[in-house]
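Read from first to last, the chains carry the letters A, B, C, D and E; within each, the first residue is number 1.
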């Protein structure tokens, strides 16, 4: 009969009207500024540079300005200039560091490819999302001071991934130290003899995370 | 004289009146719907010539969202194009990723581990669910249903998007598939969430159908509107639910049997009238089939690696050659055609977008119908301008 | 000069009638001609009411009943007239009366 | 009028009159009439202005809840100040008139619309003695005022010089021509039975109690129910509400005749839509739902205007509920629905009413026969016409590819 | 007081009617005519004929004007058509002369007719009386009017619809 479909529809909307008052499955709104939805660990929005130490972020950046991310970034929003000098990194080894590291946040599309290609775990994806500004140019071009965030922050937003990265890095460093020690021993042993070969190359981190 | 005659509408009003008269020339009224119109699904534009309310001519105008996607693909590395594919049909990043990955895998001769194949199927079917439920919502919005079905659709879609987010990091721009597998593995907890969503989805569909499918107004608005015949659709290259609504049982999941689809039992619903109502119902029925596929996939998914160990993330240089990877996307056949010259970038990169091809028959569908129908017909084609304009 | 409301009403209705007449005679647009005729009908109705209200021997409601009838007839006339206009327009693509001279479609 | 009037007049019942008399009783006669009228006008504008504000909020809240979202909740507690915020926003907007628009008509359209929709409030009895203007032909007045609303919509659509507006103007005309007739035909039975065109008379005709508890509202008779449904459907169309909101069909015509309106003029249209909806609901309450009478004799102690308000708000909620559920009809379907379904149904309903009126004295088994025949006369045409109207429209079954 | 009111009503009605007949924009003409119809119905109200006043608005403003506007829009070839081409001078002059002659005769008759000096109280016709009279004295006329309306409606529908199909594909 004409109208049954209409009445059925009315019944459904009435059910939803009533349901939205008591059924949390129906009223799914999260009222944003007061409440915020839980961000899953995998959430990615905008990259940041990991520094080992919160007190001296510029001195302890993991980034060695290898420019792989600059090359791989699909929209090419990363700009890096290598430093002329070298500074000791977290493990005390002398490394090149980024004299300039800029990301144009109006171009970045949060694709995470820079993170995936980084061999040093130096750049990671952030959880920020309230990044609106009222300016079009200055505040959208972020330099390394804006981008650097300590490892503790990384642990805070991505505990699982950070733990895994830290574990891997310490293992690598240990291996490197042992290798260096072994190399030093070998060097010492060789030093005894003349005509020593060149020292072993520094440990190369694995190509892929 | 009266104050009326001072108005610019009177013939003596001024020079600009001439153009006004020309616009209203004849009995026909030419209306430019879009690119800013509530119902053109983005920046699509239809130049509609009306006789009363009846459409006598319709000229689609495209390109407002053209972003040079294919040319950019030729100057970007193979990996670098992956996030761009998200932005083609931005509702279905997962299937776009898969189609592109499939093309590159064929080019580079990469195998995909078992678990990754299952993950791909799960994500593609979830994507199909959220696309179809969105489409139903948009279509009903276009018929004037005050947003209620759309809101219900978005409520469910949000659950799926949250799953996408917790797996890939982003709700819509997933960038998840990689050549030779997937980017991250799904935890068993995530799979559990998927399965609880899938188990509840049938009930949601039931409620949705109760709300609107039997509604006489909807039937009056959609039945017999925008009828497309099977042969015409085939010769126009139309694919996906649009084609199946005309009674052609063509589904690439069955025809190509890509991935691991032959392992699942599912049916391909086909319509008999080819009208807007059929196009709507086919999508509802496909969602029910997708639920079945998802349940089977979640039951059978094995443990194991998710990446082909041969696959290299950086410096991927396939041997010279060409390949075409296509899958059954929610909107139809989404395909990527690649030619490699052995360098790090594809020599030729071409997308076969289902929305664009499905749009070709728009004028034929709309002729003789009213302006209100044209909106509904356009809604039932299911276009995303990111894909149409590329 | 005019002492009686009835007289005033009659002048009013005569003027209205003549405006309608002048319009119907002078315009060539058939819709306007129809509207002129409607005005003339209205003027006649005015007389009915005027005589009913101010007339010498008021009948209970006869004047009003006649106006009601007249309004109904006017509505019918408008419906048929405009249907004719549309019909003429369909054949001749014009509603100017001078052009509607063919007696056979 | 009736017996209840003498017994049921509590202090609360007489409060509005008492208040008014307190203010005006010391004035000399012509001034007193003038003051009384002024008070009535101000009261109506205030009450329905507030109702309009509350209704916009309620509509958004209810639509929100139906769509599983909370609705406006930012301005004030529970979003209660939202109408004020909306008002400030709308009134502070620039009033833009397109260069090629017909400026005078563009300005006149919202004014005409608002004026005519306010005029309609004059003849509705809101309570036992609460009626602004006692007219002999009140119902006729109400609908003749209502007939001007679509004229204003046409003026708005035509004068805007916008193609969407022009299409909306055409639609508005087609809609008015189609729905005026069923609207008029739907209340004729009430006049036939009550024997009066005066709204107080119609309310008085529904004041009795059958078997001591059942109200003799017209809606509780077969013809009354049919008339009520037809009236409400036509009222939906007359007030341009979903599913008949074709002139302003958002998904097709942007905003139809409102496309080129902004600021204060837009508010006028908006107000007029809600006023029209409220007035038509009020008329439906008067014609079919017993006016200000209580639904049970034992509830008569509650003031009559409260009952009227309760019924009015129920109907208005119904409008919103329907808007939240239904898609929109197409213009040809809209007119077909009117001419091929509502008008024949209303005509048959006239016959049913004539039968009901003729069989007034029947008792005993004849009473049962009277009810049965009347029900059949209502249901059978509904089913038959409905079947014809929806022929070819069926849920379908689908096959699967081999 | 009453005379002044009457003159005011008459002036508004006549002015809008005259302007409507003079204007070249059809839509404006129609809208002004609606104004003059409303003026006539205000006169009815003034004369105490409530029922016909409302009937006048309902029929003229609610129905006739709608049909007229619809016809105007349907027979519009272009926006320019709204402005009707000016009619010939001689035609206008002769029309005015003819109407003037009629007016002169009418006014002559009106002003010469002796009218009773005292204003009669005037009958009050409530709706019930009108109904009784319609159904009683004038029942036959009512039936005839009903027939005319039905036939006219059917005729209008037939005229407007039949030749549409054959001529639809006519010159564009």
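Following the convention adopted for this analysis, contacts are C-beta pairs under 8 Å (C-beta built on N, C-alpha and C of every residue); 3 or more make two chains touch, one makes a residue touch a chain.
All of these numbers come straight from a predicted model, not from anything done at the bench.
Asks: Computing the C-alpha centre of each chain, which chain sits at the greatest distance from subunit A?
Replies: So the chain farthest away from subunit A turns out to be C.
Asks: Pick out whichever of the two, D-E or A-D, is joined by more C-beta pairs in contact.
Replies: The greater number of contacts lies at D-E.
Asks: Could you please state the distance in Å, as a whole number, between where the Cα atoms of subunit D are centred and where those of subunit E are centred?
Replies: Distance between chain centres: 29 Å.
Asks: Approximately how many whole Å separate the CA-defined centres of subunit B and subunit E?
Replies: From the centre of subunit B to the centre of subunit E is 58 Å.
Asks: Per the centroid of Cα atoms for each chain, what is the distance between subunit B and subunit C, given in Å?
Replies: Each chain reduced to its C-alpha mean, subunit B and subunit C end up 61 Å apart.
Asks: Could you tell me the distance, in whole angstrom, between the mean C-alpha positions of subunit A and subunit C?
Replies: One centre to the other, that is 85 Å.
Asks: Pull out every residue in subunit C that's touching 2 or more other chains.
Replies: Nothing qualifies.
Asks: Could you list which residues of subunit D touch at least two other chains?
Replies: Answer for subunit D, listing residues that touch two or more other chains: 66-69, 170, 324-326, 390.
Asks: What positions in subunit E touch 2 or more of the other chains?
Replies: Where subunit E meets two or more other chains at a single residue, that happens at 28, 51, 55, 63, 67, 70, 77.
Asks: For the complex, give me every residue of subunit D touching subunit E.
Replies: 105, 135-137, 140-141, 143-145, 147-148, 150-151, 154-155, 158, 169-170, 173-174, 176-177, 180, 195-198
Asks: Using the touch definition from the top, list the residues of subunit A that touch subunit D in their complex.
Replies: Touching subunit D from subunit A are residues 1-3, 6, 9-10, 12-14, 16-17, 19-21, 26-29, 31.
Asks: Please name which positions on subunit E make contact with subunit C in the complex.
Replies: Answer in residue numbers: 2-3, 6-7, 10, 13-14, 17-18, 20-21, 26, 29-30, 33, 36-37, 40, 43-44, 47-49, 51-52, 55-56, 59-60, 63-64, 67-68, 70-72, 74-75, 77, 84-85, 87, 91-92, 94-96, 98-100, 102-103, 106-107, 110-111, 115-117, 119-120, 122-123, 125, 129-130, 133-134, 137-138, 141-142, 145, 148-149, 152-153, 155-157, 159-160, 163-164, 167, 170-171.
Asks: Quick check: in the complex, which residue numbers of subunit D touch subunit B?
Replies: 63, 66-69, 99-100, 102-104, 161, 163-164, 166-167, 170-171, 242-243, 245, 249-254, 323-333, 390, 392-396, 398-402
Asks: What residues of subunit C sit close enough to touch subunit E in their complex?
Replies: Against subunit E, the touching part of subunit C is residues 3-12, 14-23, 25-29, 31-32, 34-36, 38-39, 42, 45-46, 49-50, 52-56, 58-65, 67-69, 71-80, 82-87, 89-91, 93, 95-96, 105.
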